[in-house]
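Here subunit A shows up in two complexes: once beside subunit B, once beside subunit C.
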Partner chain A sequence: MIEVLFFFEVVLAGLLAGTMYSLVALGFVLIYKASSTFNFAQGAMVFFAVLSFVGFMEQGIPFAAAFVLTVLLMIAVGFATERLVLKPLVNQSEDTLLMATIGLAFVLQGLAQAVWGVEVRRLDLGVGDFPIPWIADNLGLFVSALDVMAGVVAATLIVILALMFKYTKMGLGLRAVADDPGAAASIGIPLKNIMLLVWSAAGFVALVAGMMWGARAGVQFALVDLALKALPVLIIGGFSSIPGAIVGGLIIGVVEKVLEVYVGPSFGGGIEGWAPFVLAIFFLLWRPEGLFGEKIIRRV
Partner chain B sequence: MTSKPATSPFARGDITNFAVLMTLAFLVIPLTIPNGYWYSSILIPWLCLALAAIGQQIVMGYAGQLALGAAGFMAAGAFACFNIELRIPWMPFGGSLILSGLIAAAFGVLFGLPSLRVRGIYLMVATLASQFFIIWMIDKFGWFKNYDTSGIITAQDIVIFGYAFTAPLQMYLVVLVVVTLLTILAINMTRGSVGRNWMAVRDMDIAAESMGISLLRTKLQAFAISAFYCGVAGALFAFTYLKSLEPVAFDIKLSFQILFMVILGGLGTISGAFIGAAFILLFPVVLNTVGNVWFHGMVDATVISAVEQVVFGALIILFLIYEPLGMAKLWENIRARMRSRSVPKAEVPRQQAS
Partner chain C sequence: MTAPTDDILKLDQVAVVYNNVISALHDISLTVPRGKIVALLGGNGAGKSTTLKSISTMLAGERGRVTRGTITYDGTAVKDQQPSDMVGLGMVHVLEGRRCFGHLTVEENIIAGAYSRKLSKGEMQAELDRIYTYFKRLRERRKSQAGYTSGGEQQMTAVARAMMTKPKMLLLDEPSMGLAPQLVAEIFNIAQELNKKEGVSILLAEQNTNIALRNADYGYIIETGRVMLHGPARDLLNDDKIKEFYLGISKEGRKNFRDVLRKEAESHSELYHG
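On to the complex of A and B.
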């Protein structure tokens, strides 16, 4: 019985940790859907956003104002990226754009560190990383309050984004651009505004993801490496699918936790560092477009 | 000049350049630079990293496969070399190097398999798996580190024909010989049928396949040879530059650096690997010196390393936009301009050399 409960705990912890991966992956999907660009810089944007947020707070700016300020900053980043990086590289190959976003990642993480320094900072969101007493008492499960909050925030964010895509004019425009940029432009949908919107949304998602990760693990450079794990999430879920990002994140979260707890000890632990990537390879061999991917990637 | 304009792949100019470079590297530098610092901190790491960059260049610049795991293969090579030296004492150092390269190549083939089905970022994720997996494997299985618990293992001395190469200059010569041989080999491969197959696959894989080039063989060959170069480079890097073996030295940061060397140096050129490696290695040194001399150490070291990241990232974007062929192409442009200036207009050969 204890073992079953423990297993549930592990799976639940994995699911909730997985929502954090989903949050990072969500930013990738937004940009990929609209512009077919793999934004490698999403992880760096997470780091950049949350470090700026904590930095603003350290300057004595209250929580809400710092949040708004960071959102504005991320919009500015999105604007600059669109103007300075993506526009000159329009119609280039996907590999070129990918390399450009790797460059962008280094610019962003370097800038953040140059301005705010490299020391690890704590971020207190008012919810601690400790088990919720009520659940622990009644069900005997230890579930972290922070994890639950991350799950709720992620779910809310996804619902908002999904509604926005479905019912707003901007959302419709975005789907049109995603479907066929040329046709969308020819009927007068402002591509530039759509791109700006998408990058801003990705920046916003990055900030939220960064705050969750930062509250859990501290605001530090390691966030960039953590965000790399969003890549296998995307491969499993499919690059162009928001539900895919969610499910992929949950799968990665659960698999790496279960493997780490049950298989890890016999190898001295630490397998969660590579297990998601190896899982992604198997997915690539079995189903290269991912679980929910629409487009079948070019066969080679 | 009375010679005819160059038409063969190995022009007289190339041979002259080669002779000049070799004289410089084997005679002038050893005779004029007595200072150990230059060898142990600049020349040796430069040559080692350039060799790894050639490996990255082969898989990415020539075969067009976006891979990001060079440091993992370097780690495989380094630890393979350590274990071969440790466990097979009669093996000559050259043999150890070749074996290390072959072991790294085996990993290269294994993790290159996904390239048969995917490309772009998909492939990048697959190769990242190799990076994380190899480092973890070395870290967690004590056998690879000879059950050393301190975390840092001292590399054995390089002994060739009973003579220990331990001084900076001697190690430089060892590295130089290996790098020279492998560079010549790489140039020949890229100019021969092997390299042409790679480039055909890079430029249009379907056309290449329909012309009878086996994608399977060509891609795996590129991954294997690339990993071989990285493996040998890793072994040399650990034995002559780090002089120790620790998996941390081969983390993802090094993989990114090697990727940057290739992109900035110029995709699809061997010289680009050397230029890129020199830039990535020297720029931080220059930046630190500037920080110390101009700002008198007032600038924090962490700020300098952050600025370094910004500059590398920005340069990548700038080069991709303005000169996708990298610094090697810039250098060629400068040379072409100087040549056309020094020779009167009428005598400029109209025939294109390449």
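On to the complex of A and C.
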């Protein structure tokens, strides 16, 4: 009985951690859909956003105001990226854009540290990384309150974004651009506005993801690398699929926790870090477009 | 800016260069009278698509540039506009190869065409109903994913999507491409209907000379980026040279259109040689 409960605990912790991966992956998917580019700067955006947020708080700005200010800042970053990086590179190959996002990552990391300094910050969201007493008492499960909050926030954000894509005009425009930017332009969909929207949304998602990660692990440079965990999530879920990002994140979260606990000891532990990437390699062999990736539609 | 005339579109000695080095158009002058259908004919690489893209400003997206000449659309000089600006001015370009949004449904494709317009839910439905009266087949297929519909349905979707921008001028690039003859006829019938009932002027690029001229009021034949010949569609249709060249029936085998022209340059007083 204890064994089963413990397994549930591990899976639940995995699912909750997974929602955070989903959230970061969602940022990638947004940009990938609109510009067919893997945005290497997504991790840097997470770091930049949350560091700025903590920085604003340190200046004595209250929580809500600092949040709004950072959202505006991320929109400004999106605007500058469209103007200074994407616009001059319009019609260049996807590889060129990919390289440009690597450059953007360095700029954002450097800028954030130049302005706010390099020391690790604590971020207190008012919810601790402790088991929720009620669940512990009644169900015998130890579930972190922070995990639960992060899971709920991530899930809400994901649902809102998914509904936006499906049912709003902007969402339709974005999906059209994702399918064929040239054809979208030909019927008067302004690509520039769509890009702006996407980068702003990705910036917002980065901020939320950064706050969740930062509250757990501290606001520090390592957040940039944590975001790379989204890569196996995307390979499993598919680069262009929002449901894929969600399910992929959950799978990675659960698999890495379960493997860590049950298989890890025979490897000397610490397999959490690389197990998702191994899983991703198997997925690449079995289903390269991912579970939910949009298959390339070819009529013969 | 010049005053609006009865010509909705006028190209004057337009030259286009791609990537600063590849010269695609040398000297294209043509006119589309308001409310008429004009056919732009020529083989592969003649410059038909480039001509259309220079008009709709889709060229910039392909690193092309108008280096000489002027394009005047409905009294406005076409220069540095974006394609979305041109859509705002009432011009829409149906690109070669249909280019539907494959992962969207047929109806979502058509609705996307109204992106630049502010429509209420009721107005949108009315617009859709209006469009479906021309494209009856699409009403049945409206819930299907566009990428899985037939070539003809995709072509119709592309034209229907363009019509949702409420254009005054439609640029159609090879609507017949890869379609069975009955479907080609159906598409051209729809184009005729749109022209008559919606009053939309059409510039049509085609390789299928016969059907294009049957449906057009006037025709231009271009080759290697130059207008070789132009005239009323009926006259071109009855022209022996064109029959010979485009049907490939010639005693000396296939030859360059310019040679055909040179040989018979003196005759045909009713046609103007470019």
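Heads up, the rule we're going with is that the second predicted complex is superposed on the first by the 294 of 300 C-alpha atoms of A that agree within 3 Å, B and C clash if a C-alpha of one lies under 4 Å from a C-alpha of the other, contacts with A are read in each partner's own complex, and residues count from 1 in each chain.
Note that in this section a residue touches a chain if its C-beta (ideal position, glycine included) is under 8 Å from a C-beta of that chain, and two chains touch if they have at least 3 such contacts.
No experiment lies behind these values; they were computed from the predicted model shown.
*Asks:* Judging by the criteria at the top, classify the pair subunit B and subunit C on subunit A as clash or fit.
*Replies:* With subunit A as the common anchor, subunit B and subunit C both fit in the superposed model.
*Asks:* Mind working out whether A:I281 is in touch with subunit B, subunit C, both or neither, as first, second, both or neither?
*Replies:* Only subunit B; A:I281 stays clear of subunit C.
*Asks:* Have a look at where A:L172 lands relative to subunit B and subunit C in the superposition and call it first, second, both or neither.
*Replies:* second
*Asks:* Check the residue A:Q109 against both partner chains and state whether it touches subunit B (first), subunit C (second), both, or neither.
*Replies:* It touches subunit B, and subunit C stays clear.
*Asks:* On the A-aligned overlay, A:D124 touches which partner chain: subunit B = first, subunit C = second, or both, or neither?
*Replies:* Neither: A:D124 stays clear of subunit B and subunit C.
*Asks:* Please tell me which partner, subunit B or subunit C, touches more residues of subunit A.
*Replies:* Ranking subunit B and subunit C by residues of subunit A touched puts B first.
*Asks:* Considering only C-alpha centres, what angle arises at subunit A between the directions to subunit B and subunit C, nearest 10 degrees?
*Replies:* 90
*Asks:* Touching A:E58, do we find subunit B (first), subunit C (second), both, or neither?
*Replies:* It touches nothing on subunit B or subunit C.
*Asks:* How far apart, in whole Å, are the nearest Cα atoms of subunit B and subunit C in the superposition?
*Replies:* Superposition on chain A places subunit B and subunit C at a least C-alpha distance of 15 Å.
*Asks:* For subunit A, which residues belong to both interfaces, subunit B and subunit C?
*Replies:* 297, 299
*Asks:* Which residues of subunit C touch subunit A in their complex?
*Replies:* Interface residues on the subunit C side: 56, 58, 61-63, 82-84, 86-88, 92-95, 99-104, 108-109, 111-113, 115-116, 145, 147-148, 151, 158, 161-162, 164-165.
*Asks:* What does subunit B use to touch subunit A in their complex?
*Replies:* 64, 66, 113-122, 124-126, 128-129, 132-133, 136, 139-141, 205, 215, 252, 256, 259, 263, 300, 302-303, 305-317, 320-321, 324
*Asks:* Could you list, by residue number, the parts of subunit A that touch subunit C in their complex?
*Replies:* 90-91, 169, 172-173, 175-176, 178-180, 182-190, 294, 297, 299
*Asks:* Give the list of subunit A residues in touch with subunit B in this complex.
*Replies:* The touching residues are 38, 40, 84-85, 88-89, 92, 94-96, 98-100, 102-114, 117-118, 225, 228, 231-232, 235, 239, 267-271, 273-274, 277-278, 280-281, 284-285, 288, 297-300.
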